[in-house]
Structures are given as structure tokens and as C-alpha cells.
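By written order: A, B, C and D. Residues from 1 in each chain.
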Amino acid sequence: MMQEIPLTHILFVSTALFFIGMYGLFTRRNLITMLMSIELMLNSVNINFVAFNKYLFPDNLDGLFFTLFIITIAAAEAAVAIAIIINLYRSHQSIDVEDATEMKY
Amino acid sequence: MSNYFYILWIPLLPLATFVLLGLFGRKYLSGISGLIGTASLFTSTILSFIAAKQYFFVDGKVNGVFQKIVALKYTWLEFSPNVAIDIGMIVDPISVMMLVVVTSVSLMVHIFSLGYMKGEERFATYYAFLSLFTFSMLGLILSSNIFQVYMFWELVGVSSFLLISYYFNKPSAVAASKKAFIVTRFADLGFLIGILILGYYGGTMDIGLLIERFTSVSSAQYISITGASFLGASMLTWGLTLIFMGGAGKSAMFPLHIWLPDAMEGPTPVSALIHAATMVVAGVYLVARMFPVFSMDEIALNIVTYVGAASALFAAVIACTQTDIKRVLAYSTMSQIGYMMFALGISKNGGEQGLGYMASMFHLFTHAFFKSLLFLGAGAVIHKIHSNEMKDMGGLRKLMPITHIAFLIACLAIAGIPPFAGFFSKEEILTAAFHENKIIYCIALFTAALTSFYMFRLYFNIFWSMEASITAQDHNNHNLAANGNNSQDNHDHGEGTWTMKLPLIILATCAVGVGFIPFSQLVTADGKALATHIDWVFSIAPVVLSVLAILLAASFYKNQNDKSNKVATAFGGFYTAAYKKFYVDEVYLFITKKIIFPFIGQPIAWADKNIVDGFMQLLATTTAKIASLMKGLQSGKVQNYALYFFGGVVAISILLMYIWK
Amino acid sequence: MNYTILLHLRQELLLAALIFLLLFIKLGKDRSNESILNFINLALLVNLVAGFCCHETGELFNGMFNTNTIIVFEKNLLNLAVLLISMQSYAWLKTNNNVIEFYLLTLTSLLGMFFMISSGNLLMFYLGLEMSTIPLAAAANFDLTKRKSSEAAMKLILSSAFSSAILLLGISFLYGTTGTLSFSIITAHLNGNPLQLFAFILLVTGFAFKISAVPFHLWTADVYEGSPVAVTSFLSVISKAAVLFTLVNILYKVFTPLASSWYLILMVLTAATILIGNLFALRQDNFKRFLAFSSIAQVGFILIGISSSSQAGMASLIYFVLIYIFSNLAAFGVVSVVSALTGKENISDFKGFYKTNPMLSWVLTIALFSLAGVPPTAGFFGKLFLLMAGAAKGNYGIIIFAALNMVISFYYYLSVVKAIFMDENSTPIEKMTVPVVSKIAMYICVVGVIVTGLVSMVYDYIHSISFGL
Amino acid sequence: MNLTLLILIPLLTAVLILLAKGLQQIRVIGLTGAVVQLGLAGMLLNSFLAERAAGNKATYLFESDQTWFKALNIHYHIGIDGIALSMILLTSVIVVAGILVSWTMEKLSKEYFFLLVLLSMGAYGFFISLDLFTLFFFLEVAVIPKFLLIGIWGSGDKTKSAMKLALMLMAGSALVMVGLFGIYYNTQSFDIVQITQHGIPVGVQKFFFPFAFLGFGVFAALFPFHTWVPDGHASAPTAASMFLAGISMKLGGYGCLRIVTLMPDAAHTYSWIIILLATIAIIYGAFATMMQTDLKYINAYSSISHCGFVILGIGMLNKTSINGAVIQMVSHGLMTALFFAAIGMIYSRTHTRLVAQLGGLLKAMPFISTVFVIAGLCSLGLPGFSGFVAEMTVFVGSWQNPNGAYRLATVLSGASIVVTAVYILRATGRAIMGPISTEHAVLSDATWNEKLAAILLIAGILIIGLAPFLINHLIMPSTDTIMLQLGKVVVGK
């Protein structure tokens, strides 16, 4: 009977995940990759919710439900985003974020 | 005490004339405007004579003392319950005397101008301005409130400005008028502050009250004003000195005299009226009006005395060297006013020592007549010759006999030769000076000699020196170069119209006659009659001196010779200095053009453009600069946006956690 | 079952019904744009009127959705704004062949906002927020062929996704520390421990992003510039308003225990927002970009009002939003007409505008004056009341700061007026014939700008229904 | 007597102007409106004096008080005292004159007259307000028309000047706003009457007085916030300059006066600063004027100097000086309007305002030149004109202040009248007198409308100058109440 993992570990993982995602968002040029890094961040949040729900407030399921909704919405977001990226590719012939900097200052 | 209210009409008639001519003169009444002006002034002259008769010989005197009668008093502008400007009329010996002087001289000038200014384009305007001046001068005389004096003071100033610049397309005239106004304005600043001082401590602006309060040593006001002091001098001294400064400005006392000679740019009758007989003596009148207060303060009186004496001498010296006849007359005016001033200065308030006061007034009176006569005579001459320069004149006695006689009488009068008017008044002054202050007496005596010298220099230069024939042909050349004062008048006239001769004759008779008026019975400091007698022994000295001076002048200038030049060269530097009016004008010019303009005016103007306004501009430009510096924030790269976003989060968290602690 | 649910949800249901109707129209045989547009505008008008019919307080789904007088009023404001926008974009949509899609997107987003405003629960709030954001991202890309449009859409979707990630992190921590998602319960559990505070900050930044407060504003200008004018005005007025309403609700109702700390946050945001907004607005030439930054500055003033945490504060906020709808939409209306008919969107193009189009010029000028806060336009009152509310806190430093910034804002508003009236231009925008519908919309805006201020009962009503801390 | 008419009639006029067609209709409507206003002001004066004669001792007459924003305790509270009334009279006269001189305004005449009327409405509203909020409201209403008037119809570097003017005035009103907030949150009211009754805590006064006073000071061209004046006046079209100098600078002075009354303690604390600034403005303005070469700049800078007297009078905080300040406001309004009118007439004929290029105009256009000279003489404080009365009252008043430094200030400002003489005479001597150039010799004299405008203004100047007791009786009671306010403190100290 192994003793269970403390909450802090999980939080640590999720936080790490979040910042990895953020790092990706800041550094990657490819729009798709940037979108994926955002998904990472969202997922880290999901982990948070689940963990909190499981460890601290196991008697109701708010966190889990929230997670479900986040996943759904992330999907919707991704759908729209990808549509936009495709359109961007049409007009710019590239999905490099650096190429889409016409509007500035 | 009977009613003097009708005196109100004396100033009001000229005012009405001014309004009438000013509004409709140019268009409708251009032809008859001269007559209108003269008629209305004639009426006021009659009125003032009536007033004089009534005051001096009917009911002015109550048990041996001439009363101060306030004929009218209306609160015009109330500053605070007891300090106010009242429009009032005060009737007392000097005001009545001045009424007579101003109205009669002004009348003479009006008549003279009918001929002199004939055919001028702005004839109506000229008479409008004359009336305005007469009105303001009369108002000044009658003022019962020191602020009222100041108001009319300014008004005479501006009307003199308007009249000097009558030939407004002559730059020199414009410049002269500006100079006159600004210099007197500067002096008036002192006057104003003086008024403020007296009014503040006296708690009133009414002259009567002021005198009453400041002459009683025990009154609270007197104690407070003498108690308060500034830079070592008591406030009374300051107040009086500043008021005298105003008077000095108007009366062209040294060093505020510089405007008077230039003021001769105006038409000659104007010079006769304003710059010889009436306005320039306003300063003397002011001091006389406030005399009881002046007599309470030794220092102020001394200032009056020495400024007066200095100006008398100074002007006389310069007068000997000038060649422009009007300028000579101007300086002689200044010199004579100096006489009046120091006569006041050495006087006491009443009693035997009050002689100076009476003498000063007397001289003011006589001077008005013979000096205006001189100017009108000069006017007649200039009218003929079209030049002010002595060298263009000579031998005119044949061409214009009446002018010649009148001019001679006037010269004798001013030189103080008995029995002409000048003699009596000057004697009184000298007597007073002799009793009070020997130094002044010597200066006065010397000045008297100088006076008769330069007057006869003038006289001989105009009417003798060259022969008539030469002048005639000489004068024709000058017709060719005639300056455009009155371009369209015919050159073959003799002495001009009767309207120009008549005033000369009348004034000449006055110059002879007025000396015999028993002035000491009428006009004295304290209103009591003053027993004076002409001491023939005493008057030997001045008369002899004058005669000698006249003979000297005769020998120099009766017929052409170069004695005068010899003497001039003998004097050398001093002569040129005097000829250059001792460089006072240059000093003024230096101060204004070389100091005030470049070192105060321009720096301020520059600072306003570049510092004050520049600062506002700077704010704008810096804002714009900052804005353009920050534009990099909006890089257009969505990743940077996210980065800044996160940065913001971190920053706020740190800030808040920090403050939270 | 009882019908209160219908009553409480009636605005949302109406909207949903309208959306479905549009879907069916889309599926049905195609009609002329004019008829469709007229129908839609009519429907929106009905929707607006119906909103006013009756308001009552109540809650549904055990507190997830609640409604009361003020919330209904806020929703009505949004309805009004949508109606105006749709009327103004008539000229643009008439020639567009995806009219219905445009409305589908915008109305859906509006529906999301309704839910967000009424949300009584973090989950509902999040759903509403996303529902209002994602369609807009698509709408921003509505000019499929324009490069700028797609770039704008990309920027919007990415940054909003990022911000929602941050927001979610905050929510998760909040959940972790309080153990609940419903607002009514959270308040009790707020004890202000650091983690909670951090979570709250993250939450607030989510809001700050939507209302484009500095430094979370950077997407605004680009998106506004790139997207079609209709969408821009939708973004700048409606979504901003909705989020502001929600923000003030949450701050005043839920996070009362943290009042002192959110006051500080608001102060920091205000200072930064006003200053940066002004400084950037100074140097813009593209009209939409200019309005973007000016609206950022406006948000700064709004935050001052909110910070007062008093009834007057909330009232002045809603009042200002109302005025802001009128004035900003009047401005956007002119811009949209001009850009639809001539394609010109730069301020420099407006030089000499008055010579050719006096009517539009006056509309634009009045709108700008109202934005600048010049009497007698309503903007004066709006701004003044916001600052007054803020001044109640006694923190005059920020008031003086704002007052001085008002001067800067005057500069750029007036320089637009200067361009319209004073600058010479050899080739001004030629005379245009404005569609009647758009004209009506503009007139409504102008009348609103004039009346809302001078007629005091508007403010007094809002004040009576709003609440403070 | 319903004061709201003073706002409604301009409003009506403006609307009618918008509906009118063609210059002829427009200007007739404008003039009619202005004349009606003038008549109204006259009736107002009449009934005001009647009330006073009937022994109505109330501080403000014809009061009416409606709640405007109930929730914020903002009222539409109007009423006038002698000071406000004299300001209203001034405004009405200047408006008529201004419309007359812009009789032949071809360019965008509709907008032009509309804005003029709007501006006048702002001024009227400002002067009748007894509620600080409405006061502020009308203060700002009057700003934007100026911007447009200068920017559209102006001359020279018009847009820059217009922008500068608008921004500086807006900055001023921003300061005012802060001050008003301070008052509001410490008295829970904007109502001047109530505030004067209850008073404001001293600390609050000390903090907020500078904002409010300096804010209004910007409008009154207080040094160093005067830089909008020269450019603004110089670039503005004639009527706008007249309104600007004649009316809107008075808004500032009036506001300053009200603020001083509201915050007596602070006023006493800061009076030395006020006096310092005012004295600087007077001297500095005078000397700066001396260096100007453009007639409009000359008048603009001299306005700075003259408005300094207003501030000085207010700063001296005694009855006479405040009387003087009020009279100076009216006098300067009329005088400077007249001056600008004359300059405008000259400019419209000679197309130059540079003194050096003018000369001898008295020959070609005697009427205009006479008007110019009269304005000049009034400006240098010649007795018989209003300037003398005003300045002398200020001097006497400020001299009553026994403090030595204040005496010095008085003397220095007194010295400015000499400088004034210098620059006025320089301008007159060069432009009006002297030889005339040939192309100017043929120019025509004033037309009937210009003559009418000039005569109207001159009449005003003369009435005050010759019968100052009239205006004195009008404002004395109000200044008495002001002194009562200021006196409360002195007793307290």
C-alpha cells in the first residue's frame, strides 16, 4: 500500500507545466505551436482543479466539472484559432507569427 | 455769503463748445466754428470778470479776511465713506484771480487764432481743442478736491498733447507732443502717489479739510503723518515733495523741463495760451493751493525754493544762447516760473513773511499778460516770415509797427523796467527774497539781468539788426522754402488781419496797466490785506542792472556786428554747453533709448517669448517626445504583448504583496 | 413547473431565438441583403423594447444565474448598442454576402455577455466570458481577404486565449483556497492570504485584459485597426461595457473583503492606463487606432469611478458607459460610413471634411467633444461624475493627475476637429450619400449625446438602481 | 424677472441662425437677438435698482433654485448681485458691438454667428450661476467656441494659437474642477449661498484655494499663465478678439472674486502671492507691450497688464480695491473691445497691423482714428473715461493697505501707467499721426455698422468715466457683503 502523493507535488507539476506552456508561447514562432503551448497552460489549470477537488474538497465535484468545461472550451477555441490561422496562411503565405506584424506603434 | 453758483457756467461754456465742435465741427460748422468758440469764451470771460468784481469788491471779504467759498460740491466717486472724489468749485482769491487770467488770455488767443489759423483744414478741431483746454484749465482752477485737481491736471495734459500734435503729419510735432505728455505723465505719477499719501493720512481728499487737518499741529492726522516716516523723511515731506514733483512736471521745473522747448512745435497761439500763460503755471497754482500745508514742512519748502531758483537761472542762461525765437521765449517762461516757485518757497503762511506768496501770485498774474503778448507777437512775426530762426529776421520794425511796439512793451515789462507790470511783481519777489534768503536774492538779481539781456537780444534781432530791404528779399527766399504750416495763405499781407492786431493791442495795454492793481490788498496767503510799498531805493539795483543788460544787448545786436560771436567764443565750452541746453535731453535719451528699452523692455519681451511661453511649448514638445519614445511598446509582435501582459501580472503582484506587508 | 424561469431569462431567450431564426433564414432560400438587414434591425429593436418590459430580482440554477433591475438595465444598454451598430454598419453589410454570419457571431457573443453579467458563479462567468470572446475573434477576421483583418483576428484569439489561461489559473487557485465557485459563498471564505490575493490579481488581470487596461491593452490597437469597423465598434463599446459591468458587480458584491487591495490595483491601473492611452493616442493617424487608444484612456477614467466603491461610483460608471455608447458609436458611425464608401480610415484623410460633408462633420465633432468631455455634451457630465465619485475617496493626487491628462486628451481630440474644420486639403473626401438607416442611427447618437447629460433624470434613475460597497 | 431668459434668448437666437438662409437673414437674426439681450439687460438693471430702492437687502436678487442632479445635490441655482449684473451689462453691450463689426462676415457666416451667440450664452450663464457646478459648466461652454472661432476664421498662425488657447484654458478649468471637488466634498454642496453661510474648514481652504484661484487666474491672464492671451487675441477675428478680451477674460476675474469670497481664510493667507503675481503681470505686461510692433499684440499684452489690476484689486482684499477690480473688469472689457474693433477696422482696410507700415491714418479715416485714440486714452487712464475711474479706485484701495510691501506693489503698478502712456502714444504717433502713405490715403472711413458699434462702446466707456457713481452704487452693496465674508476671518484671527 504505497502512501499517496502530496498535493504540493501535483501543484508543482501543474505550475511547471503552466510555465513551460508560457515559455513556449513566448518563444515559438509557429502559430500552431503557440496554440499548443496555450493548451498546455490550460491543461495545467485542469490539473490544479482536479487536484484541489480530490485533495481538499472531495465532497462535491465543482472542480471536475470546471475541468470538463475548460476542455470543451479549449477545443472550441482551438477550432476558431486554427480556422483563423488557416486564413492567415492564405493571406500571408506563412504561419510564422513574426510575419504578421504589419500593425504596430 | 452770496451765491456763486453761476461760476459753474464759466467752465461749462467751453465744454459745451468742445462737444459741439468736436461732434459737428468738421462737417457742418467748419466756417463759423472760430466765431462760436470765441463767442462762448467771451461770455465766460465776462462772467469771470463779474465774479472777480463780486468777490473782491462786494462780498468776498468778511471782516477784513477773504473767505474760501465752496460754491458747489458733489460726490462724484466714493472710494470709502470719507475718502471720495468730489466735483466742487472753490472760490477764493487765487482761484478768482486765475479765472480772470485764464479766460482773458484764452479769449485773446481765440481772437488771434481767427486770423492766424485761417484756412487751416482742421480749423474746427483746433477750436474744439482750445475749448477743451480752457474747460480743463478752469476746472483745475476751481477744484475743491485734490483728486479733482489731478483729474483736470490730466485733462490739461492731454489737451496740450492734442494741440502740440495739431500738425499731426509733422513727425517733429508728434514727437514733441509725445515727449510733453510722457514727461508730465511721469511727474504726475509722483503727484498721484503724493495724493494717495495725503489722502490716506488725512482721511479725506477735500483740500479744505486737508489744510485744516494738517495745519493744526494737535490734530490726529498731523501727528500720524509726521509720525510715519520713510527713508528718514516724514510722510508729510514725502507727500508734499511728490505733489511738488507733479507741479514741477507741469511747470517745466528743472530737471523735468525738457518737454517745454519742444512743445513749441504747436501752433504759436497755443504756445501763448498753454505753454506761457496758463497751463505751465498750474504747478505754481498747485503749490499755492496747498500752500498752508507746504508751510508746515520746512524741507518741502526748501526743495520748492531751490528747484525754483535753479530753474530760473538755468533757463535764463540757456535762453541767452538759443536762436529759435520761440525756444528763447520758452526758456524765459521756465525762468519766470522759477521765480514764482522760489517766491513761494521762501514765503511763510501769512503775515509780513507772507510777502513771497503774494509776490508769486502777482508775478503769475502779470507774467500771464506780457508773456502771452510776447508769444502772440512772435506768432505775428512767424506768420510773416515763416521761420522761427533769428537769422532770418531783422529790421521788421518798419514792416510791422504795431507788433513792434507791443513786443517792445512786453520786453520792457519782463525786464522789470518801471512802470511796466513786470517791474512791480518782480520787485515784490526780490524784496521777499532779500528778507528771507540772501543767496536766492543774488540768484534772482543775476537772473533778472540775464532776462533783460536775452529778451532784448531777441527784440533787436527781430526788429533791428539788418535793414528792412535785406529782410524783405531775404524773406522772399524763405517764401520759396516756406514750411507747410499754413501753405495757402497769401504772402503780401502786412501784419495780418485786425483779429491778430487787436489782441496785441489789448495785451499791450494790460502789460502796462496791470502792475498798478493793488494786488497785496487782494491776493495773500491768509486772505488778510498786506501792506506793501515799493521801496524805490531798494529797486535801484535791479533796474540799473536791467538797463545795463539792455544796453549790452543793444550794443551786440542793434546792428550787425560780431561782438556777440567774440563773447560766445570767449565763453567757449560753457557757451556750447548752454547752446546744447546742458545736454539734459541727451541724458534722458540715453536713459530711455540706451537703458530702459534694451535692458528692461527687450529682455522682458524676449523672456515672454522664450522662457514663459517657451516653458509651455516645452511641456508640449516633451510630451510628444515621450510619446514617440514609448512607441516601441506597441511592437506589433503578439508574443511581446503576452510578455508585457505577464510582466504586468508580476509587477502588480509584487507591488501588492509588498504593500500588503 | 413555474414560468419565472422564462421571465428571468427572457432577454437571453429572445436573443437565442433570434439567433436560431437567423440560422434558419440562412438555411432557407437567400433573400436580398436589404430585406434581411431591415428585418434584423427590426428584430433587434423589438428585442430592445422587450428588454424594458418588466424587471424583477431573482436567481436561477441555485444561484448560478441571477438577475435584478440593474442587470436588466445593463443588458438593455448592450441591446441598444448592438442595435445602433447594426444600423450604422448598414452601408457596409449591404454589399457583404455573409450578412447573417456576422449577426450570428455578434449576437452569440452578446448572449455570452448576458450570461457573464448575470453570472453568480465562477464557472458561469468563465463560460460567458469565453462565449463572448471566441465569436468576436472570428468576427474580427470578417474581411476574409484583408491581410490586416486576419492578423488582427490572430492577435485577438491568441492573446485572449493566453489571458483566459491566466484567468483560469487564478480561478483554480481561488477554488483551491475557498473550495467553492459560487460568488455568494466565496465572499465568506476570503481571508486575504497571499495565495488568495495572487489568485485575485490573476482574476483581475483577466478583466483588465478585456477592458484593455494598461499594461494588458496591447492587443487593442492592432485588433481595432485590423478588424472591420462594425466589429471594432462592437469590441470597443459592447464587450468593454459588458466586462465593466461584470467587474463592478464582482468587485462590489464578491470581493468586498479585499476592497483595500483592489483599490490599490485600480489606482495603479488607472494611472498607467490614462497616461499610456493618452500618450499613444497623441501620435495616431489611423482613425480606428486613434479611437482605440482614446478609449483606453477613457477606461482609465472609468476605473477612477469604480475605485470609489460607492453607489455614486457605480452609477457614474453605468452613466458614463451609456454616454460612451452614444458618443463613441457616433464617431464610429461616421468612420464606418466613410470607410465603407471611400475606404479611407486615416485622420489626415478627414482634412477639409467639413467643406464636403458638413452633416457628418458635425456628428463627428459633437462625438469627439463628448469623448473629450466638453459641455454641453453628455461626456462632460459623465467624466465629471466619474471624477467626482473618485474624489470622494479623498485621493486627490489621482484626480489632479487625471485632470491634467484630460488636457492632453483635449489636444488630440481637438486636433481631429482641427483637421476637419481648419486644415486645407486639395482632395477632400467627396460628398457622400449616407444610407437612411445609418443617418437615423447617427441622429439617435447625437440626440443621446446632447440629452443624456442635460436631462438629469437619466442619471438620477441610474443612481437610484445602482448600489455601492 | 426671470434670469433664465438670459440663457434662453441666445439659445433661441442660435437655433434660428441655424435655420436661417443667407448672410442677410443670419446677421439680422443675430443682431436682433443681441439687441433683445441688451434690452433685457437694461430691464434687469432697471428692476434690480427698483428692488434695491424698495429696500430689498438680499445679497442676490431674482434668485431661483431648481434641483438639477438630485442624487449629487447639484442645483440649477441662479441669481445676481450688483457685480454679476454689471458683468451681464458689459457682456450684452459687447455682444451687440461684436455682431455689428462682423456684419460682413462672408466665410461660413452661419457657423460664425452661431458660435458667437453660443459664446455669449456661456458668459451669461456663468455670470448668473450661484451653483458652482453650473458655473463650471458655463465656464467650459464658453471655451470651445473660442477654439473654433480662432481656428477657422482667424489670421496668422491661427490653428496653433487656437490650440494653445484651448489647451491652456482647459488646463485652467481642470484646476478649477479640482478646487470645486475639494469644496464639494467638504461642504456636501455646490451652492455658493449655502457654502458662504456654513463656511469651509480652514485647512481645506488652504489646500484647495490655489487650485481654484489659479484655475480662474489662467482665464484672467494671471502671470505666468498669460501666454495664451497674445497669440489668441492676435489670431482671432475681430469680434472674437472682442469677446475674448472683453468677456471671457472677465470670467476669470469674476471667478477669482467668487473664490476669494468663498475661501476668505485662504485668501488672507495667500494674498501676498496674488499681489506679487498681479504686480509682476502689470509691470511685465506693460514693458512687454512697449516692445510689440503689431497693433493686436500691443493690445493683447496691454490686456495682460490691465487685467493685472483686476487681480491686484482682488488680492488687496479691501472694499475699495475690490470695487476697483470690478470697475476695472467692466472698463477693460469695453475699452479693449473698442480697441480691437478699431484695430479690426484698420486691418480690414490696410491689410496690415504692423505699426511700422501704418501712418497718418487720421487723414484718410478720421472716425476710425478718433476711435483708436479714444481707446488709447481710455487705456492710459485719462479722466473722463472709465479707465481712470477703475485704476484710481484700485490704487486708492490698495494704498489703504498699510503693509509696506503692498505699498511698494501699489507704487510699482502705478508706475505702469507711465509705461502705458509710452506704448499707447508710440502706437498712436506712428499709426494714426505722422505722414500717410499714398496707398493708404485713398482708403474709406468707417461704415454705419462699424460706427454704431464704436459709438455703443464709447458710450459705455463715457458713462462709467463721467458718472462713476452710477456703477459704484450698483456694486457697493455687493462688495459690502464680500467684505462681510472676508471680515469674518479677521475677527476670527
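Assume a residue touches a chain if its C-beta (ideal position, glycine included) is under 8 Å from a C-beta of that chain, and two chains touch if they have at least 3 such contacts.
Fair warning: this is a prediction, and the values are worked out from it, not measured in the lab.
Between C-D and B-D, more C-beta contact pairs join the chains of B-D. Nearest to the common centre of all protein CA atoms is the CA centroid of chain D. Between chain A and chain D the centroid-to-centroid distance comes to 66 Å (mean Cα coordinates, whole Å).
Here the spacing of chain C and chain D, counted between their Cα centres, is 43 Å.
In terms of their C-alpha centroids, the spacing between chain B and chain D amounts to 37 Å.
Spacing of chain A relative to chain C, judged by their CA centroids, is 27 angstrom. Annotation for chain C: residues touching 2 or more other chains are 154-155, 158, 162, 221-222, 283, 411. Looking at chain D, one finds that none of its residues touch two or more other chains. Residues of chain B found to touch two or more other chains are 631, 634, 636, 638, 642, 646. Pairwise, the chains that make contact are A-B, A-C, B-C, B-D, C-D. Chain B meets chain A in the complex at residues 631-632, 634-639, 642-643, 646. Within the complex formed with chain C, the chain B residues making contact are 620, 623-624, 626-628, 630-631, 633-634, 636, 638, 640-642, 644-649, 651-653, 655-657, 659-660. Residue ranges on chain D touching chain B, taken from their complex, read 164, 168, 223-224, 226-227, 230, 284, 287-288, 290-292, 319-320, 323, 360, 362-363, 366, 377, 380-384, 388-389, 392-393, 395-397, 399-400, 410-411, 414-415, 417-418, 421-422, 425-426, 429, 432-436, 468-469, 472, 476. On the side of chain B, the complex with chain D involves touching residues 26, 75-80, 83, 85, 147, 150-152, 154-155, 158, 165, 168-169, 171, 174-175, 177-178, 181-182, 185-186, 189, 192-193, 196, 199-200, 597, 600-602, 604-605, 608, 612-613, 615-616. Partner chain C is touched in their complex by these residues of chain D: 67-72, 74, 137-138, 140-141, 143-144, 147-148, 151-152, 158-159, 162-163, 166-167, 170-171, 174-175, 177-178, 181-182, 184-185, 211.
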